[in-house]
Amino acid sequence: MSETPSTGFWQRLEQIPRAYIYLLLAVVVIWQLVFPIRFEMSPSPSSKGVYDAIRAAPADKLIILSADWDASTEAETGPQTTAIMRAILSGKKKFAILNLVSPAGVKLADARAVAVAKEYNATRGLDWCNWGYKVGTSNVIIGLTKNIPGTVKSDSAGTPVGKIPMMAQVHDARDIGLVIEISGSAMTEYWIQFFQGVSGTPLANAITAVMAPGYYSYLDSKQLQGMLVGAKGAAELENLEGRPDRAMRIMDVQSWAHLLILLLVVVGNLGYLLSRRGNR
Amino acid sequence: MGKFDHANWLLTLLFAVMSAAIVASVLLAQRGRSMFVRRIPGLSAMEEAVGRATEMGRPIYFSPGLGSIDITTLQALSILTYLVRFAAQQATRIIVGTADPTLLPVAEESVREAYTSVGRQALYRAEDVRFVSGDQFAYALGSVGIMAREQTATNFYFGAFFAEALILTENGRAFGALQVAGCPDPTQIPFFIATCDYVVIGDEYYAASAYLTREPTLTGSLAGQDAVKALLIALILLGIGTVTVLAGHAQPHWLAKLFTLLGV
Amino acid sequence: MWPLSLPLAALFAPAHGRALVWRIVGGLAASILLLVLANTVLKTRGRRALIVLVTFLGGLFFTLEYFLPVSDRWLWPAHPGSLVLWLGVLVGAALAVAGMVFSTKLWDSLRGKASLALVPIGIAVAIVAYHFARRLPARIPNTEGAPANFLTPWIEPAVIVLMVVGSFTVGLGVHSLVQLHGRTLLRRRAGWFNSLAFFVAMIAMFAFALLDFYTETPPKMPAGVLPFSKAMNEVLFTGIYQPLISATFSLLAFYIASAAYRAFRIRSAEAALMMVAAFLVMLGQVPLGSWLTHGLPQSGPFAFLSFFRLERFGEWIMAWWNAPAQRGILFGVAVGALAMSLRVWLSLERGTFFSQQPEASGEPSSAESAGQP
């Protein structure tokens, strides 16, 4: 369990102290943040699917952004949320933010919406609104299929839904053009089971990269129209919108961080293989 | 697209058949029919792991994950109960840190009963089963703090884990602890494999209680699961064959009409 | 509105003022009385039987609600014939279960083998009866509109009850923490300053969050200026708590680097294959990987080479190799969860929550024998 110190060169290569690895990674991250080397990237089919789904959503229907994230996953889900909001507002569509997981995330998503709305001269209550945090997860989603005003009741500021102009024509799932689930937890399955499966409303998601492997099945079965995978997905959507921003900066750093990790794995394996050969 | 808020007749039939297979297998096992269970290294190593803590005279840390009272966490408690019984016989302390307050009284009761069942109720300490935090990363850091202060020799991670898994296991490894992990969700398995000595993957997790106790009910259930998996494989092959047959037909095939009639 | 929803509406109608107080007091008193009765009147065996019964009924409710047929036309069998047919469904199911039980218990005898025939007969009876029950006319329309059965309106109250019961346990968690850290602080055990920090943080967050909730911002406050309680809540929550959470999450990047370096060793052919796949996927996830293979043409006679662009190849590995493997694991996990759920529902899960079951040979289990001197 603990590392046994060894004296040979190859053995030392196999046992680089943890502190040096962390230092190397920190240097690479800081270097790329200060002196970024940018490479162009082409969008993946899954990210293109999200972009196309937003473009295809009817202009007279609402888009629900279920921003089920908080500060812990903000590094990935934050840029995803911003990129999605930009894609929606640039297409002159309306969206509503909802949070089913963490009350802490309501303000974070709201702050991003305020910033993006300013760029597109969008008005709260007319072009976007924030329904806030709702307790009940599956019950809330089931309720949204049948009666949105009755389920939502009021927005995050306490304003009754009846007094929000953009909610006047929103009654049930038939008035929803697209649902985009943004989270670092397994919320997509709830939306598939209780909303998309029941009403047939298109669904896309934006998730942290570590969760992506489990959702390709849903892309394959067309239960998801598209999927943004981590910061890469956000960067691809930014590129599709023609507005590279924070997510692209994250990708600049991530490129070199991945390369460093791969180099470390190669070095470790070299040390392992050559020290074994030396021992024979 | 089908409706998923309630079952259709096909799902009901499938559930009935699967449940019947599992229950029938349990009843057969209770009648004395022996069932073969293959070796699962992660579970076989549990006694070795507890023994290590006993030899070093240091406690064990058990984390049941972030879940509340659900099937994954109930299975974790089942494994915990086995470990407590085994460790109690060797007078080795087990510290349990929960992330859900609803789980706390259940975990306390399970641990207390486990000590009592082996006649070691005097070894039970209420403060060894504690609520750490409901927040994911606060729980991880609190657990790491417990491992560091108590200098645990062995760490067990069984339950529902998410991003905090690597924080727990990497720090546990840095402290020199032997680590055994089990999680049914494949997402965190790579991190467990990279940092733990033994890992229990996928449905081996739900086989743990049968494997450890060898009780007829549980081994019978395990055999029933295998029968259900065989049925699912047969259905998948049937589906592949059907789609292949239907693929090249422009006119409606009688198979397609049959499936439409059945509502599939 | 259908008949069974009337008692539901009466039971869960919102109460106000004195009626609310009486409901809370009455509910608490009834709960305490039930607990005391359960503890004093019921012996251990009786308590276990009660747990088994409540577990079974709770599971049965949710299972039936999910599996009972739904309709947007009717919620309750109204035609007399449909009641008989529903009885037929129950009888068919009971025949199937009985056939299964008898055949396994009496397998050695001819009677046992013959009773296996009851299983397909029972299933056939149930399916035929259900098929005809669905065709009979309804009397009471489902005014809610969504497909439902007669149990569906009870789901939401049941879930609310569970949530309320669960929320009582939040106090248990706080009590556990206060007890543990209080003891450490009072006895000045090693690390007592951590317990002091816990109390300071808990009291500060609690106090300022409450104050923030009940404080209204005065209308004449200048823009960007907050009352003290709101400002403190912002500092504690947005300024301290959220950055701490983000910083902890960012530790994962460093841990992944050191874990990957230490753990990924080519010890076998499979490990080498996995390493190659990991390299390709990792490079495909970043723009650097796209740049490395950007020269591969996407159009023209050699357009097929674009498949080998790292971003596409990596996604192909994820979608065509990784996803089926994940599905396979998920199938196994789901079946395991189903088996575990059945064992818990039918209280077959011995050893954890009940006394251990003797092994099939009749000898006591190892844990029981180990407890003896």
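So that you can tell them apart, the chains are marked A, B and C in the order they are listed, and the count of residues begins at 1 in each.
In this section, a contact is a pair of C-beta atoms (placed from the backbone, for glycine too) under 8 Å apart; a residue touches a chain by one contact, two chains touch by 3 or more.
Note that this is a predicted model, so its numbers are computed, not measured.
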item: Top chain pair, ranked by how many C-beta pairs fall in contact; value: B-C
item: Closest chain to global C-alpha mean, per-chain Cα centroids; value: C
item: Inter-chain centre distance, chain A versus chain B - centres from mean C-alpha coordinates, in Å; value: 29
item: Whole-Å gap separating chain B and chain C, where each centre is the average of the chain's CA atoms; value: 14
item: Centroid spacing, where centroids are CA-atom means, of chain A and chain C in whole angstrom; value: 24
item: Residues within chain B bordering two or more other chains; value: 3, 5, 137, 163, 186
item: For chain A, residues contacting two or more additional chains; value: 18, 72-73, 213-214
item: Residues within chain C bordering two or more other chains; value: 245, 248-249, 256, 258, 260, 262, 264, 326, 330
item: Residues of chain B that touch chain C when the two form their complex; value: 3, 5-7, 9, 11-13, 15-16, 18-20, 22-24, 26-32, 34, 68, 71-72, 74-75, 77-78, 81-82, 85, 89, 100-102, 104-105, 110, 117-120, 127, 130-131, 134-135, 137, 140-141, 145, 149, 163, 166-167, 170, 184-186, 191, 193-195, 201-203, 205-207, 209, 213-218, 221-222, 224-225, 228-229, 232
item: Of chain A, residues touching chain B in the complex; value: 1-2, 18, 72-73, 142, 184-185, 192-194, 196-198, 200, 208, 210-211, 213-214, 223
item: Complex interface listing, chain C residues touching chain B; value: 65-70, 93, 96-97, 100-101, 104-105, 107, 119, 123, 127, 130, 147, 149, 166, 169-174, 176-177, 179-180, 183, 190-191, 194, 244-245, 248-249, 251-252, 255-256, 258-260, 262-264, 326, 329-333, 335-344, 346, 348-353, 355-357, 359-361, 365, 367-368, 370-373
item: Residues of chain A defined as touching chain C within the complex; value: 16, 18, 21-22, 25-26, 38-42, 44-46, 70-75, 104, 107-108, 135-136, 139, 145-146, 209, 212-214, 216-217, 219-220, 229-230, 232, 235, 251-252, 254-262, 264-265, 267-269, 272-273
item: Complex interface listing, chain C residues touching chain A; value: 144-146, 156, 159, 163, 237-238, 241-243, 245-246, 248-250, 253-254, 256-258, 260-262, 264-266, 275, 279, 282-283, 285-291, 294, 309, 311-312, 315, 318-319, 322-323, 326-327, 330
